[in-house]
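Right after this note come the structures.
Presented sequentially are two complexes of chain A, the first with chain B as partner and the second with chain C.
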Partner chain A sequence: MNTSVIVTGFGVTAPNGLGTRDYWSATLAGRSGIDRVSRFDAGRYPSRLAGEVSAFVAADHLPSRLLPQTDHMTRLALVAADLALADANVSSGDADSYGMGVVTASSAGGFEFGQRELQNLWRHGSRHVSAYQSFAWFYAVNTGQISIRHGMRGPSGVVVTDQAGGLDTVAQARRLIRKGTGLVLAGGVDGSICPWGWVAQMAGGRLSRCDDPRLAYLPFDARAAGHVPGEGGAILVLEDAEAAARRGAGPGYGEIAGYGTAFDPRPGSGGAPALPRAMELAVRDAGLSPGDIDVVFADGAAVPALDRIEADAITAMFGAGRVPVTVPKTMTGRLYAGGAALDLATALLCLRDGVIPPTINVTPEAAYGLDLVTRRPRTAPVRTALIVARGEGGFNSAMVVRRPDDE
Partner chain B sequence: MSQESTATPRMTAEDLLGILRTCAGVADDIVLDEKALDTDFGSLGYDSIALLEVTANLERTFHVDLDDDAIKASDTPRDVISMINGR
Partner chain C sequence: MNRRVVITGIGVMAPGGIGTKEFWELLSDGRTATRRISLFDPAQFRSQVAAEIDFAPEEHGLTAREVRRMDRAAQLAVVAARQALEDSGIDFDRMNPHRTGVTIGSAVGATMGLEEEYRVVSDDGREWLVDHRYSVPHLYGYLVPSSFAAEVAWAVGAEGPVALVSAGCTSGIDSVGHAVELIREGSADVMVAGAADAPISPITAACFDAIKATTPRNDDPEHASRPFDDSRNGFVLGEGAAVLVLEELTAARRRGAHIRAEIAGYATRSNAFHMTGLRPDGKEMAEAIRAALDEARLDAGDVDYVNAHGSGTKQNDRHETAAFKRSLGAHAYEVPISSIKSMIGHSLGAIGSIEIAASALAIENDLVPPTANLRHPDPECDLDYIPITAREWRTETVLTVGSGFGGFQSAMVLTDPDRRDR
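Right, the complex of A and B next:
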């Protein structure tokens, strides 16, 4: 018996908007949050642009008890979770605390916090290292802090699959709900815009070295030369549709209709990329065929070989130019564990308003055969969306969301 | 080395309240002032890891060696002032 699982609320912390309203209006207007790095002096590094949540003042949102013990990205995650619960009209006392779980994605943990404490260790000695370092750096820290703040003691966990994580957490939430947990917070908020995080990302070889925010991150463009990193993401409230109806939550933003994931073959083995399989599994799991999908939110690596793999997967499934494709993360940069969660929230807004947000700055390379929505948003009857996400190291995940009145 | 950095300074109530604010913040429903000096740390909203952080700060600031469990949740700020100044 497969329970229908719906999204009843979400919270967004994005470089181009804090909170859903600001983010969505910026995204439809094509307003980017990518600019020069301000969180540290990146002047002598080869990559100098980032998508930072610039308007964020943690003390305006969180109690002072939490500030000494949290990394910047954990503070963003706590605010996203607060916004999500408010959006879903859930307050912590509403349900049995063991009936609510938390599953977040992470790529690096609290790197900026960790860098500071390692510097304290190196410069001043072990007595100068914060006791909070014991957990503040850790991959699972956002799950733990959200769980403690809202008294959510149900099944919880963390998924570490880079950019695919945002979708993988929602799939895990759906599994937990189908096993009987009433409500799960899922998604990801990430970011490690500090020297230590920066050099780790540089080592991956996929960072753009362009200094022009309008030219630095151009997926599916002939000029594509890597991505701009960003911070932020989204946290979503997932519930059993029937339980949500019983508490009067309404139909929500949409149903998590399908999910698929597949791992790439060993590099150099000559095996085919696994991305098409993840996409096929997601559409099949939703009980749909490709012709039923109204829009694709692409991963958009902006590395030519990876763009080629993704474009081929899309055209193989849908036919060349047969489905609108968009990459709104051209306005935020790639948010690692937060990226696909934000794409999922964006897709739900797209379903709600019947408007596909644009991919900015990109001139599509014709050879990819994609109907890329560029420059301005496109109005369209959108009942279903396919979200595609790839994590460095071989992770491929895809998810189908369906509008609530389309079941 | 100067005289000040080697001598063990006396701790005032305001010193300790400042260290608590810096190391552990203040819970939403708590007013952390002189009236809180006789309330135990648990009731003030500080858990064991917050007290560990405070302990490390006291060691650095007042040049003392303290065990990790020198401050317990059942202690009050006034107990800590007495402990530091009594050494």
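Right, the complex of A and C next:
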């Protein structure tokens, strides 16, 4: 019998809300955080919209000595971790420091910091490069900084699986807890909203070129034409359920009940997409059957071919229109390594309150056969949720969360 | 029932050692592959030395399209993966792709490719608002280095769990440790696991210059990497890749595989202290070593050889010496220890996997590689660091360790399953 791993807290830094309360009320109200890019002048680029955490002022949350050595996204990650630990009622001195670890997902590291130092090097010469460059931009930075800030000396790591990373880190945290680490911080907070990151993201060919925030990111809509990138994400506190009970933490938001991952066949090989397999593995790992799943938080690529693959996977598993599906990312944009972690936190809030947040602005394309929750939130008894995430290159991951009282 | 995991294939792309045979010859001979940097003009840099691979990707079967699409580190990973597959003797066409996975470690991803493309779109740093019209289609794959793991998965036909692991300079140990875990828990039967980094570029040189982490011994590149020596003054940047084929032991024995070593224990800890600094007591590395030995169900006294991190910085080598004493006790003074970074430099995230390969080869050959250039040991590094010459040595159990920016400390224990089970 495997240890049950539960989420006892999380911290959210999202374009439509800093902190869980603001985020959740905005999300239920269908309020979007997508707007014109403000972090630099994007006027010359074909894509000009982003989901920025505009309410965020780093100096309000972090000691000044951390500011010169951190990229913007690391500051967001540090704040998300602080909020998560506060939410779980954990203070760093609570546990054996080797019994606490950190696993975060990354996509591009501290890219804005990196652009500035590349510019210093090529414009002014090697002596002008920051002493912090060696670690401020690299992929392991958020895990390292969070472990230092909270004195967490247990097993830690970093997973890069493009936009599936948010789920893969939580799976890794569950693995570490089952091997004996009491508490692991996991998730992802990400963002590369700087000119160099923007150009690199555009090269992926999936950014929307629409200038209207209401029409720019429309998954499962006939008008789907790419996504809006964003910044932020969520960090979650995962614990062994028994250890959490011993410290009086209560049942938490829910259990990480199942996980599956599968990689697509080589492009051009004609093999079937691996997404259905990842979803089946996750449901089976949870000891459930598809009929037990109450809601699906879809990846929602908003690229027609990818929407088709996902819709087919959902209808094949559940039957057409048989399970509510939602994409709250339509209010934040896609947060890269942070996106799936935020979806997971959102799913836990959905379990807690019995309300499914909407997919905004989308008119569902009937041919997909999905019961997409649009316009306003839907109240429903929700005991379990399936979260789906995909990364460019062929990464597919899925996770099942279960309400604490639903055994 | 415990599933045990063994190495059945090895591919190595190291400075001075393309392929396992050449790599092991270099280590056995104690030759160094460090030299003046040729990949770019290093004149303006404090440290002008590196360990480079003379690598022509076309000669290793990569198509023009693959060469163009992949950063140098990804190219090295794919070539090493193909070597490992061939070495394993597995018929990959008959394998279940769903039960085959890939983990690749990398500390700095496509840093070389990114810098080259940055120069073009920014007009050598003149424009903050870089020009997208000059960017290349594969730039997204450079931005997000999970593309490395995807490339290897495509090369070997894996459709199971696939990921890039990036924990700074312990990535190469953590990537293999992660793969071992996936086989043990039953998520995969075969893992193609390793690491790659190709960081010899101006921006990497500049960032290590800025904190004086790399050696300024530019007048004597061949002897510039001097772990544990009193005259050491920084590490030598390297590049490379190593990829292993990992299988579950009984399946490997059933198909009559050539088993190179078992991965019996792995652990990682964080120092939660400083992004680049190390406390001199070596506590967290010692804790990782103890945990890895526990998992292997071995005692400190069972360790026949230690493959050290031995980067050649003042602080690392003392930190590590303290960690060995703290974890291995009196045995620390008896067991032979060496740093192959003295010969092939420090290839950041890649080196951990290269050192796992070296550890497996030490078991197979009953020979432990030396620490080159160790002529005047630092009195504070007073262990048997195998100076200059390799040693014939009965090696059944090896401990290999790594330490990295971000505070990561990792340890792995390899054994010879055939001798151990007798």
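The rule we apply is simple: the second predicted complex is superposed on the first by the 406 of 407 C-alpha atoms of A that agree within 3 Å, B and C clash if a C-alpha of one lies under 4 Å from a C-alpha of the other, contacts with A are read in each partner's own complex, and residues count from 1 in each chain.
We take it that contacts are C-beta pairs under 8 Å (C-beta built on N, C-alpha and C of every residue); 3 or more make two chains touch, one makes a residue touch a chain.
As the structure is a prediction and not an experimental result, all values here were calculated from the model.
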| item | value |
| --- | --- |
| Touching partner for A:304 - first (chain B), second (chain C), both, neither | neither |
| Partner chain in contact with A:151 - chain B first, chain C second, else both or neither | second |
| First, second, both or neither for A:354, with chain B first and chain C second | neither |
| Contacts of A:134 with chain B and chain C, given as first, second, both or neither | both |
| First (chain B), second (chain C), both or neither touched by A:196 | second |
| Which superposed partner A:66 touches (first chain B, second chain C, both, neither) | first |
| Touched partner set for A:321, first chain B, second chain C, both or neither | neither |
| Which partner reaches more residues of chain A (counting touched residues only), chain B or chain C | C |
| Touching both chain B and chain C, residues of chain A | 69, 127, 130-131, 134 |
| Touching residues (chain side chain A, partner chain C) in the complex | 40-41, 44-46, 69, 97-98, 101-102, 106-109, 111, 115, 117-127, 129-131, 133-135, 138-141, 143-145, 147-148, 150-162, 165, 168, 172, 175, 192, 195-205, 261-267, 271, 274, 277, 336, 391-395 |
| In the complex with chain A, residue positions of chain C that touch it | 44-46, 97-98, 101-102, 107-109, 114-115, 118-119, 121-122, 124-126, 128-132, 135-147, 149-150, 153-154, 157-168, 171, 174, 178, 181, 185, 202-203, 205-211, 213, 267-276, 284, 287, 404-408 |
| Touching residues (chain side chain A, partner chain B) in the complex | 63-69, 127-128, 130-132, 134 |
| Touch list for chain B against partner chain A, complex | 21-28, 45, 49-50, 52-53, 56, 59-60 |
